[in-house]
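In the two assemblies presented below, chain A is common to both, partnered first by chain B and then by chain C.
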Partner chain A sequence: MNQRLNLPDWAGRAVACLFGSVVLAMMVGPQQGSQNDYGVGFRQAVLNPRIFYFLLIGVLVFFAITYQDVVRRYASRPGVRPLVAGLLVLLASYFLMRWYDPLGNNAKFAGLADAVASTSGLAPLAKAFFGWLWWVSLVVLVVGIFVAIARRLRALGWAMAGLAVVVGVVALVAHAAAADAGGGIDHSYGAPTALVGYLVLAGAGVLAARSRSETAATREFVERVMAFRPGLPLVLMGLLLGVLALVSATWFAPQQANATLVDTSSLFSGSDASGLSEAFLGWLGYVLFVVVLLAGAAAVWTRNRVVGYVAAGLAAVTILIVLVTLHDISATATEAGYPGADGPWRDLGTGGWLLSIAVFSIGAGAFVAARRAHRPAGADEARGTVTGRLHQAGASTTVLSLALFGIGLALFYPPTATTFWQQALVTDIGVYVLLAIGLNVVIGWAGLLDLGYIAFYALGSYTTAYLTGSLPVQPPSWLQLSPLWAIPVAIAVCLVAGVLLGAPTLRLRGDYLAIVTLGFGEIIRIVAVNNPGNITNGPRGVESAVPHPVIDLGFLRIQWGGNQLQYWYLLLVLLAILIFFFYRLEGSRLGRAWAAVREDEVAAQATGVNTTRVKLLAFAIGASTSGLAGVFFASDIGYFNPQNFILNNSILIVAYVVFGGMGSLTGAIAGAAVLTWLPNFLRDQVPSEDRVMWIGAVLVIMMIFRPQGLIPAKRREAELTGLAGHDPSVRPAVQAVPASEGV
Partner chain B sequence: MSEFLNFLMLGLTRGSMYALIALGYTLVYGVLQLINFAHSEVFMAGAFGSFLVVHLVVGEGEGLGGFEQLLVTLLGLVAGAISGAVVAFVLERVAYRPLRRRGAPKLAFLISAIGASFFLSQLFGKLFNRLGNNQFPDYLHKGEVLWTPFGARIKLLQVVIIISAVLLMIFLDRLVSGTKLGRGIRATAEDAPTAALMGVDIDRTISRTFIIGGALAGAAGFLFGYAFVFSNTMGFIPGIKAFAAAVLGGIGNIRGAMIGGLLLGVAENLIPTAPWVGGDAWIGQEWTDVVAFVLLILILVFRPTGILGERLGRAA
Partner chain C sequence: MSEQAGGSSVPGRTGSVLLDVQDLEVRYGAIAAIKGISFHVEQGEIVALLGANGAGKTTTQKTVSGMLRPAAGSITFDGQRIDGIPPHKLIDLGICHVPEGRHVFPRMTVEENLAMGAFRFRSPDQDVLAHVLDLFPRLKERYGQQSGTLSGGEQQMLAIGRALMGKPRLLLLDEPSMGLAPLIVQQIFDIVRSINADGVSILLVEQNARQALSLADRGYVLETGELVLAGSGRELLADDRIRAAYLGEELAS
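Now for the complex of A and B:
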C-alpha cells in the first residue's frame, strides 16, 4: 500500500492522452445504444477501425506536450501565431460557417461546392476554386508560410503573403459568382470570413518576411498598434466594412433578387421614393461615406477634440440618413407592388446595415480619439497605485474601442440575421444576459451562492401572466395591466420575495445558502406544476398568451410583437439602463461593502458594515433583475410553462457568470452570450441531443485552463495582487483546500 | 397502521440510498470543502456498470436459487461500486486536480463539476441509450413479500436494500475511524497543510476519498436501479436529495449524512401521505419534494449547521 509505484512522467501523460482520444471517439459520431443491445454504442465508437484516427490525435498531442520545448521554440517565432490564427479562421469558415443560405441544410462550404460542381456555365475560376483550388492553396499557404518562418526565407514570405491576398480575393469573387448564378437571399458570412482568414495569413507571411527578431512580441505589437493612434483600428475596420457594403453587399433583396447599391439605385430612380433616398442611393451615399471617413481620419490623426466630436456627429447624421433611406425603399417598393416586397423594414439586404456598422465604427474611432485627446500628464504615473491600476484597467483604449464596436454590432447586426438567429438572440441570449448580470450582483459582488435564481424569473413571468389576465384566476379589473406596466409590479413582487427568502436564510454560510436557495427554486416550480387552487394552470402552462406590450402616446403608437427585432431593441434599452445602474453601483458605497463582505465577512462587520442588510440588498437587487427578465420573457414568448423554470436553468446561469469571470459585468455578459450562443451554433454542427455533452466539455476545459473566466474582474485581480502586479508565472503551491475567496 | 408501516419501509429504503450517496458528498466536502456536483453521475454510472455485469452473468435472470440470488446481489454491489469508483477517480483527475494545481477560486470547481455532470450524463446517454425505463433482470423477484406484520407488506427487496446499505455504512465508519487511510482523510479534513507536514500525501488521500465516496454511490446506483428503473438522467433527483440530506445532517459529518439521509427519506414518504388510512391524504404525494425542501429549510433556519453540526475531521 505504501510502496509507491514510480512510473516515469511520460507514462502518465501517455495514458491521459490515449484515454482522452478514446473519450473523444465516444463523443464524436452518430452512434447510440439501444435497449436490445447496450454495447452497440461502445462497439461502434471504440471497437472500430475509426478508433485509430482518434488514437493518432492522442499520440500527436502526447508528442506535442512531451516535446513542448521544441514546439514552443517554433511557436514563439514571429508569424507563427498569426499563421495559427488565420488557419483556425479559415477552417472555421470552411467547415463551420454557412456560405450560401438558400441551400438550407447544405449551406456550408461543402454543400455549396457540390452545387457549384453540378452547375454548368459558371466562370472557370469559380469552378476551380470550389473544386480544388481552395484546399490546394490552403495547403500551399500553410506549408509555405511555415517554411518561410522556420527557414527564414524572406522571398518566400513575401510570395506567400501575396498569394494569400490573391486567394482571398478569389474566394470572394468565386462566392459572388456562385451566389449570382443561384440567386436568392443570402446572409451568410462564410466568404468574408475566409477573406479575413487569408488576410491574417498574409500578415503572417509579411511578418515572416520582415521580422528580424528571434521571438515574436504579439502582445506588444497589438498594444503598439492600438496606442499608435487611438481609434485608428476602428476607422480602418469602418473603411473595410464600408467598402464591402458599398461595392458588393446586397441592399434590396425581395424574393430571389439581390440588388447591390448600384442596382438598387437604378431600381428606384424615378420611383415614388423621396428625393433624399434617391440621392443617397445614387451619389450621396458614397459622398457621405468619404466625408465621414476623411473626418474620422482627420480626428484620429490630429487628435483634436473638436474635430473628433464633429466627425462623430457626422457619422450619426449619416446613419440616420441610411436608416431613412432603408425605410423609404422598403416602404416604396411595397406600395408600388414590387414582387416579393412585404412591408417597411422587410426585404432589406445586409448592405445598409453593414454601412451603418461601418459608419458607426468610424464615428466611434473619432470619439475615442477625441476622448483620448488630452490626457492629464500624470495619467501614466498613476499606474503604480491600486487606484491607478483600477482606473487604467477600466478605461484602456482597447476596452473602450471593443465596447463601442460591440455596441455598433448590437445595434445594426440583428436585422441582417436570419429569423432563427433573431429568435435565439432575444429568447435565449438576451434574456439570459439579463439574468446573468442580475446574478452577477449576488454571486460575483456579494459572494452569495444562489442556486434558485430562476425562481424569481418564474415569479416575474407568472406575475405578468396574472396581471395581463392570462392565468385561470383573473385580476380585479382595475389591476389588469399591459406588460410594460407589469414591470414595476413584478420587480416589487420579486423584491419582496427576495427579502422574504433572504431574511431568515442569509445568515447561513456559502454552501448552506446554496441548498436553501436551490430548495426554494424547486418549491416555486413544483407549486407552479401542482397548481393548488387552479392558479397557475399546472404543467400545461399559462391559459392564454400573454399579450405583447404597446406604447400609445396618441401621436406615437408602438406595438410590439410583429417580429423579434422589436423585442431586441426593447431588450437593448433595458440592458443599457441596467448596465449603467450596475456599473455605478459597483463603485458605490454599497458595492464596496459587498466586496468587503465577500472577501471577509467578519472583518467587514468589524469595520461597521451592516452585513445582513448589505447581503439582503444584493439578494433583492438580483431577484428584481430576475423578475424584470421574467416580464420580458413572458410578454415576448406569450406561452410558457413550469418547464421553463427547471433547476438546470438556475445552475446554467451560475455557470454563465463564473464562465464569464465572476464579479465582472462585461464578463457576465460575455459568459452568458457565449454559452447561450453555443447551443444554437452547435445545432448545425452536432446531433442535437449531444449538445449538452459538448457544453459540459467546454465548461470543464474552460475551468481547467482558465479558471478565472473569460474576462476576469479587474478589481478582484487588483485587490488580490495588490501593488506587486499580476505575474502569471507565480502560482500558489498545491493546496488541498482552494484559496478561500468569497464563495 | 399497515399503510404507515408500508410508507415507513419505503422511506427507509429510499433514505438508506440517499444516505449512501450523501456519504460521498460529505466525504468530499470534508477534505476539499467543495460540493461535488458531479456525484449524482457517479451514482448513475454505478447503475449502468452493475447492469452490464449482472446482465452478462444472469441473462434474463430466471430460476435462480437463494444462494445464487445472494451471490448476484453481491456481484451487483461490487460491480456498481467499482464502476462508481472508477468514474469518481477519473472525475477527480480531470475536473478537480488541475484546478487545485492552479489554485482556482472555489466556484470554478463548482462549474467544472457541473460541466462534468452534464458531460457524463449525456455521454452515458449517447453510449447506452437515452430511454427512461431501463430495467435490471428481475432475478430477485422484487415484488415478493417477505412477511406481513399488521397487514403491512414488507418486501424482500426492501430488506435487501436496507441491510446492504447498513453494512456499507458500518464498513465506511470503521474505515474512516480505524484505518491509516481513514486517519489520513480525517487529518486532511481538519487541516490539510499540517497534515501534509505530518507526512500525509494530500493528493493521494483526496483521490482515495473520491474513490470511497464513488464506490458507495455506485453501490447505491445498483440498488436504486434494481429497485426502480435506471436511465442516464436518473442521478439528478436522488443527487439533489442526497445533497440536501448531507446538509441536513451537517455537511462533513459522516454519521450526520447517514442520519440525514434516513430522516429525509422517511419524512418525505411519511409526511405527504399522512394520515395513512387510505382515502385522501392531507398533503398528497405530488408535494413530496416540497415537503423535503421545506423541512430542509426549516431545520437550517433553526439549526444553521445541520442536525449533528459540522464536524470536519472528526471520527464521527
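Now for the complex of A and C:
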C-alpha cells in the first residue's frame, strides 16, 4: 500500500523551481477573469514569450540551490553583498521608480526612454544612455565585478569601480538633459537613486580590489567603518544632501515656478520678507551650512565632547533659521498674491526640507561623536546586569546613527511628500506603528496572544467620539472635551477594559487566550453595529464628525485639521513618548518579569514573579496604547464606523509584529511601517486586485527565509548566534524559531 | 505535634521547627490528593518525601510553595501561617522552590537565569553568585550560553543554582534526579548535601529512595495521599517494606 512516488532529490527540486516560476509568471501581469472566462491570467502568463524568462529564472534558482556549496563559497566573498545591494537598487530605480514626472502614468524609466527615443536634438550621450548604454553598462558592471570578486582580479575591480562612478554620473547627466528637453517640472528620484546604486556597485568593485580576506565579514566591516570616526557617515550624508539642497533642489514651487535657492533669492530680494530670510536666501544659508559642516567635521575628527555639542547646537540653530525662512517666504508670497501661492508652509519645494535633513544629519553626526568621545572600550560591558547589557547592546554607534538619521527623515521628509503619501503616512503607517508597538508588549514581551487587540482601538475611538459629542448620546456638558483631553480618559477606559478582560482570562494559555480575545474583539464590534440604546449610531458610524484637536494657550493657538502634516507631528510626539517609555520598560524589572513569564511560567512563579500581575500589566499597557491610537484615529479621520474595527485588522497587527520580529521594539516599528507602506506602494506598481496577493507572497517568503522577523529581538538573535560574538559560519537565517514558539 | 519520628535526635541540629504541616488536605476538584498529612522540617534538616507515582509528593510540595491552596489543615513556616499565600510572597520569607522537570528559562543565558533567581532583590548578591558558581563549576563553564542548550543535568544544576540565588532558608527540591544519568544524580545529591551543610533546610521529593534516604536526616513515605511511614533516613533504609516497595529487593531473601 505504501507506494510513494520516489523522485530523486534533484527532480523534485527542479519541478518545484519550475512550478514556482510559472506561479511567478502568473503573478506578474493581468489576471482579471470574468464570469465566463477564468483563464485570462493563466493564458497571459503562459502564452506570452515571457514564460520563458520566468522559466529561466526557475532554472537559475534550481542550479543555485543544487550547487549551493559552490555558490555559497563565492557568495561569502567580500564585495558580493554590496554587489547584490547595488544591483537591487538599480533594478528598483529602473523598473519601479519614476524618472520624469510630467509623463504621468508613463513616468518610469521605460516611458522616459521611449520619449527620449522619439525626441530629436538630444545630446548623443543621453540618447545612447536611454537607448542601450544603461543595460549594457549594467550587465558589464555586474559581470565584471563578479569576475573581479571570484577571480580576485584587483585591476578589474578598480576598473569596474571607476566605470560604475562614470556610468552613475552619465545617468544623472542624461536624465538632466532629457528633463531639460522635456521642460516639465520634475521631482522624480529615479536618477539620483540610480547614482546611489552605481556608487554601491563602485563600492563592491573597491572591496573586490582591496580586500584580502576570504570571507566577507559585513558586520565587522560596518562596525569598523563606524568606529573609525563615529558620526562620520552622518556628516558625509549631510554634506551630500546639503549640496544637493543648496545647488539643485527647488526651494519655492507654486504652480509652474521651479525656483532653486538662487532663483528664490532673486525672487524675494526687495520683497516684504524679513531681512533674515533675505540674508538666508542670499548668503547666510551657504555660510551657515559651511559653518555647521566644518564644526561637525571638527567634532568628528577631534572626538571632542565640547566641540561635538557646540556643532549639534549650531545645527539646531541653523534648522530653526531654515524653518523661519521657509515660513517667511511662503507667507510673504501669499500676501503679495504671488500666483499659485496659497498660505504659509505651502508650495515649498524640497530644498528647505532637504537642507534641514542635511543639517540635522551633520548635527547628529557631531552628537554621536560627542557621545562616543573618549569612552574606553568595553566600558559598557563592565557595568549592569546581563539583561541591562543585552538591552544596551543595541545602542551601538551604527544603531544610534541609523536611529538619528531616521529621526531626521521623520521630521523633515514628510513635508516634501505628496498629499497621498502624507495621508498614508498618518492614517495607515503611523497609526499602525502605534498599534504595533503596543501589541508588541502583549505578544512579544509577555507572550500573550491577543487577537482582539483592535477592540481597544475601537473603545478608544468611541470614547473620543462620546466625549466630543459626536455620538447620539451626548455627554454631560462638563464632560464635553477636546480630543486631546480625551486621551487620558480613553487610556483609562482601555486600561480598565483591559484589566476586566484580562483578569478572568489570563489564566488561560496560548490558543485559549487567543480565542477569548478574538471573541472579545468581535463582541465590541458587533455591539457597535447593533447599537443598543442608540449609543453608537450603528453601522453608519458616528453621527457628526469628531472635531480636530485644538491647543489654545492664549498667546499660542494650534488648530489641527488643516492638513495631515499637523497630525503627523502630533503622532511623532506620541510615538516618541511611547517609544521612550517602552524602551525603558523593556530593560526594567517588569521587562525581566515579562521575559520570565514568556519563557516559562512555572519557573517565573518559582523565582518570585507575580505572574498574574505582570501579565495583567502587559495586557493593560497594550490596551491603553491601542486606546491612544483610537483617540488619534478618531480625531484625525473624523467619521468612522464599526467597519474600521474588523477582526482582519487585529490579525494584521499581529502579522506586523511577527513580521518585524516579535519582542523587538524597533522590529515592531519596522514591521508595521513596511507592511503598511507596501500596499500603498504597490498601488502604483501592480493591478489593484493583485495587491493582497503580493503582500501575501512577501509574508510567506519572509516567514520561510527569515522567521525571526526583520529586526529580531536581541534575545532571539542571541539564541541563534550567541551573545558573546558572531560566528560567521553560523547562518542564523536558516534556523527556524523553535517549534515551541507560542504564536 | 502529631508525629514523633526521629528528627530531634539527630546531632548537630538546632531542633527548632522551621516548617510545620498539620493535617494538610489538598483537593483537585472532587479528588482528594492529600488526605490529611502532618510532618515537619527542622532547622538545618534534609527531609525526604518518598512515594510512588501519584502518592501526592509533588502536590504536597506545591502546596508548601504556595502554588496550590490547601483544602484544610495548616502550614506554618517559622511560626507564621503561610497556607494560601501566593508563591511570589512566600519567596520573600525564604522558601525557594525548584519545580519538577527542570524549569529553566530556555532563551536566557545561564547568567540571566541566575539573575532571575535573585528577582526578589534589587540586584543579585555577588557573593551568593560566586558561591553558586563554586558549587556548580559546570555553570561557570556555560555562563554565557543559552540555558535551553544545556544538558539535562546542567539544567537541573541551573534550576537549583537559580533557587539558591534567592537566598532560601528552606529549599524545596522536586525530583532533582528525574531523568538523569546515575553519575549526574550522584553529583546532584552531593551538591544538595553541601547546600544543606551551609545551613539551608531542604524538603526533598524523590522517587530514588535509596539516594534520598541515604542523604536525608528523616524521611516520610506517602501512599495515595496518606503518610504510611516515617523515620530517620537510616531507619527507613533498613525498613523491610521500603526495601520491598522502593528498592526492588526481595523480602526475607
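The rule is simple: the second predicted complex is superposed on the first by the 590 of 743 C-alpha atoms of A that agree within 3 Å, B and C clash if a C-alpha of one lies under 4 Å from a C-alpha of the other, contacts with A are read in each partner's own complex, and residues count from 1 in each chain.
Keep this in mind: a residue touches a chain if its C-beta (ideal position, glycine included) is under 8 Å from a C-beta of that chain, and two chains touch if they have at least 3 such contacts.
All values reported here derive from a predicted model rather than from experimental measurement.
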item: First, second, both or neither for A:Q605, with chain B first and chain C second; value: second
item: Touching partner for A:L699 - first (chain B), second (chain C), both, neither; value: first
item: First, second, both or neither for A:R592, with chain B first and chain C second; value: second
item: Touching partner for A:P339 - first (chain B), second (chain C), both, neither; value: neither
item: Superposed model, chain A: greater residue contact from chain B or chain C; value: B
item: Partner chain in contact with A:P8 - chain B first, chain C second, else both or neither; value: neither
item: Touching partner for A:N530 - first (chain B), second (chain C), both, neither; value: first
item: Shared chain A surface residues [contacts with chain B and with chain C]; value: 738
item: Of chain A, residues touching chain B in the complex; value: 19, 23, 26-27, 31-35, 38-39, 41-42, 45, 443, 449, 504-505, 507-512, 514-516, 518-520, 522-523, 526-527, 529-530, 647, 651, 654-655, 658-659, 662, 689-690, 692-693, 695-700, 702-704, 707-708, 731-732, 734-743
item: Touch list for chain C against partner chain A, complex; value: 65, 67, 86-88, 91-92, 96-99, 103-109, 111-112, 115-117, 119-120, 123-124, 144-146, 148, 159, 162-163, 166
item: Residue ranges of chain A in contact with chain C within the complex; value: 385-387, 390, 589, 592-593, 595-596, 599-600, 602-611, 715-716, 718-719, 722-724, 738
item: Interfacial residue positions of chain B with respect to chain A in the complex; value: 29, 31-35, 37, 51-52, 55, 90, 94-95, 98-112, 114-123, 125-131, 134, 188, 192-193, 195-196, 202-203, 206, 240, 243-244, 247, 251, 286-287, 289-290, 292-294, 296-297, 300-301, 304-305
